[in-house]
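Shared chain: chain A. Partners: chain B in the first complex, chain C in the second.
Moving on to the complex of A and B:
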């Protein structure tokens, strides 16, 4: 545990050094990678460990994003409190939802969460205090002055996002290696056998949903920070699908894999841009290509490596070892 | 133990991968971002697709057509202008992503004509437009908040603010419709509230007031607006919203045989777009609207005539409407600003050129420009126009009566300002 903590602190330190040495677009993308890494870890916990398939992670992120923005805009106070509230409110929401989800499984659960991903962000359009289509501002403020004139807004986002990503991954990895992680895996492998050996399956599933939602909520708040606002258009169905694809590519039950998955999600628009430019530079093509790439990657991955390329590499590694 | 080491190894590998990819680029060094010996790179974000795109999607191509015309005639001090258009689908988060691409990746010299109030508010904050010193000229939004030079030191408006528009409408209502029952439908965000606040300050009292949330406009919601207006007996209805909301409002009201005197805010009143959205000509006939520019069909106007010629040659197949006129005019003003910035333009030079010479630029709109060292306000006035049975608009009362004002508590006055002449052949020589 102490060794792992040292490792995480070391990683954080390396990332901060790098943040100083790359151009700003990369710094911004670094913050996005951190955001996606948090979001993907919530899927790893929920799907990879407890075996519950959710297509509604974008909606849980929306809950976190709106909770953070409403907290900061209405109560003021330090920014960290907004992030804490994002985690807390989405955990509460997740617990409520988990109670329903624990009674469902497989395609039924997927269908329910899919409906949530479609419907929930649209609720913002119906209530004025949620700001409608333009959304609400979420302004974490300028970086502290003592960091110097040269310290940009994006570097500030990168610092906050990286810190939160490392913190949440550290906590998640500890939870997954604990008794809870083992119990979830037991449920995923065979819920009947788990129940016979004394596991309260329903309660454990709700717990998984709650923690996963809390993590997704944090990711939602980080996303809101990087774009300075929350709006229904930020938490689309496309985001939920992109996250599922990222998780599958990462290897659904591999926590370190989330960094790889996050990297791919940030790289896709870049690749799309290069391809669109090569094919004539049509801006519309550029806008639709990322979605196409996500879909194709998901289909290819399900056909050839149902547990994700990461998982396949790992099993090869295991066989060799 | 072996497993633990392996897990740590995977963590390390994953991070190294992330780090490696971050290192994959380096910054090239050059004199001024976006300016080379042969080219000036500019960027714009606007909705090219999606619900809000009708009309707006023409602005970028119109600007491009004008720039091509200038490029074919020698460019700006020998440099050709390249305009990079990015589609943000009117979504603020896409605006940020696309502006990031423009500023950090494409490294444009300046932004010209970025569109949308919520979009530009979040772009300005997140991308750090002011902090980076990126000039952002001729915003396609009339939110009076952007006229705050302290918060937006590198941004310059072009449209008169929504507050100015509402003040001018208020004066017009008082002079022409005193004693009538007034109604208003407005978009419940910065845009509509900007206008509503100005009406209140001017002492206009609405008997019926209907607010709608942006994005909820449809035939079904328009039904509720119309029943509220009709139930309240509103005889004159002011509409302060976007075109995609004007269309269902007018169509539903016509179907319900409810025909008040419509006064449509400039944002939601382009006749061509309204007709494309299914509003019959007969309904538009007689509707009033504040207008800043001459009608795009008025070929007796030297600007309109020149722009129409450029449109025919460089924007083939596009109908010449208010949006095309606006796009071309932004192009004309951009070229004047670039010329005013000198033969080796810098971002700082461009901003000070706007501050020092911007108010003298030729522009199609009738009202004076408010640029100065302490103001980034663009045009400052409107005249009232009436739509006719052909879908055209004519000045109310037969001739242009120009009202000018500010976004604050200043009075609304009738102006005798004479706009500068169109440069010869539409090519600035300032």
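Moving on to the complex of A and C:
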């Protein structure tokens, strides 16, 4: 535990040093990677450990984003309080949904969460207090002055996002190694056997859903921070798709893998942009190439390495040994 | 009273489009045990092909038939080239259970991107085969139009055709047998793999009709069938995901219920209404309205 804490602090320090040495765009992308890492860890906890599929993590992120923006805009107060509220409200939402989800098996749960991912942006469009299509502003403010005049806005985003990512990954990894993580894996492997061993399967599933939603909500608030607003257009079905892809690439049950998944998710638009420009750069190419790459990656990885690229290497290693 | 009747009739027309989508989902679920989210993509692709025919020839019915054929071909192709490969890599491990459903999601994304690359994101429309102006009785014009009537009639004819295929032909018998007990069906000499591909083709064709009819009264874009997929899924769940009759009943109930919400409460609550119906059915009657005390899931 103490060793891990030291590791995380060291990691944070290294990331800060890197953040000082690269240009603005990379710093901004660093913040995005941190955001995706948080979001992916929520899927790892839910799908990789407790065995429940959620295709609607984008919707959970939307709940967190809107909660943070509404808190900051209406109640004011310090920025950290908005993030706390994002976690709290999405946990509440997740607990409510989890109560229904815990009784559902695979296809029903997948369909229900997909329905949520399709529908939640539509709902946000319909209500005035959620700002409609343009959405709500979410401004975490300028970096504190004592950090110096050189300190840019993007670097401030990067600091906040990295800090939150490390904090949430630290907490998540401890949860997964605790009694709860073990129980979830038992439920995933054989829920009947788990039940006979005295595990409250339903209660544990709801707990997993709640924690996972809380983490996703935090990611949603971080996403809102990096683009300075919450709008239906930010939490689309495409975001949920991308998250599922990232999670499969990360190896659904590996927490360190989320950093790899997050890196790929941030790299895809970059790669698509380069390719689109090279291939003539018409509008359709720019709009749909990233989605094409995401889908192809998702299909290939789910067919050939459904448990993540890491698992393939590991199992080969075992066979040799 | 008049508004009540109108709402009911328009709900029937909306619901009958949902019925096609939910039948397509149920057909695939029964044979493959996968909720095929790519169904929206397959329907979209066949509708775009139908759109091309409709704009060139201006004959809606020809476009519809081509869309059905395209849908069937795409459906069979998805099963033959995609699902078979997926199941051949039958996997173990934490992702094994979720792999097929995630794969269909990836396929939906793939079709969407390809359609976007070819046709772009702007809204397209297909000229409706019948007037969209409401019927006029005496002095009043109803919102219920000849197109709505035509949709109901078309769907009804397709349902009859499906019923004949499933109840009266050898193909239907083998489709039902391989869905009900694949191993026994195989022992009885049915080529289950091929039958399954035919099932996917039928589902694809039905999805193509759903896409065309939805587009005739609406518009077409790479995202325009997402809600149809969701409502089709909800309808299938109302029917218990196993039963074709159940899913049609579920779709009509859902269509009428949502139209009532639309006309009497407002647009903002339509989706929430559908979601509430879904959650309510899952919690209260998880085996669907057609279940006869048989427990299927733990």
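Here is the rule we go by: the second predicted complex is superposed on the first by the 312 of 321 C-alpha atoms of A that agree within 3 Å, B and C clash if a C-alpha of one lies under 4 Å from a C-alpha of the other, contacts with A are read in each partner's own complex, and residues count from 1 in each chain.
One rule holds for everything that comes next: contacts are C-beta pairs under 8 Å (C-beta built on N, C-alpha and C of every residue); 3 or more make two chains touch, one makes a residue touch a chain.
Here the structure is a predicted model, which is why all the values come from computation and not from measurement.
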item: When chain B and chain C are modelled together on chain A, clash or fit; value: fit
item: Partner chain in contact with A:21 - chain B first, chain C second, else both or neither; value: first
item: Which of chain B and chain C A:298 touches, first, second, both or neither; value: second
item: A:126 touches, of chain B and chain C: first, second, both or neither?; value: both
item: Contacts of A:153 with chain B and chain C, given as first, second, both or neither; value: first
item: Contacts of A:265 with chain B and chain C, given as first, second, both or neither; value: neither
item: Contacts of A:87 with chain B and chain C, given as first, second, both or neither; value: neither
item: Superposition-derived angle with apex at the Cα centre of chain A and sides reaching chain B and chain C, degrees in steps of 10; value: 80
item: First (chain B), second (chain C), both or neither touched by A:30; value: first
item: Chain B versus chain C as contact partner of A:231, first or second or both or neither; value: first
item: Which of chain B and chain C A:221 touches, first, second, both or neither; value: neither
item: Least Cα gap, in Å, left between chain B and chain C after the two complexes are fitted on chain A; value: 6
item: Shared contact residues on chain A - chain B and chain C; value: 126, 283-284, 287
item: Complex contacts: residues of chain C adjacent to chain A; value: 29, 33-35, 37, 85-86, 89, 91, 93-99, 101-103, 105-110, 112-114, 116-118, 120-121, 222-223, 226-227, 229-230, 233-234, 237, 241, 267-269, 271-272, 274-275, 278-279, 282-283, 286, 297-298
item: In the complex, chain A residues that touch chain B; value: 3-4, 7, 11, 14-15, 18, 21-26, 28-30, 33, 125-126, 128, 131-135, 137, 139, 152-154, 226-229, 231-234, 254, 256-260, 262-263, 267, 269, 273, 283-284, 286-287, 317, 321
item: Footprint of chain A on chain B - complex, ascending; value: 2, 6-8, 10-15, 17-19, 21-27, 48-49, 85-87, 89, 91-94, 96-97, 100-101, 104-105, 117-118, 121-122, 125-126, 128, 131, 188-190, 213-216
item: Interfacial residue positions of chain A with respect to chain C in the complex; value: 47-48, 51, 53, 55, 100, 103-108, 110-112, 114-116, 118-119, 122-123, 126-127, 188, 191-192, 237-238, 241, 244-245, 248, 252-253, 283-285, 287-289, 291-292, 294-296, 298-299, 302-304, 306-308, 311
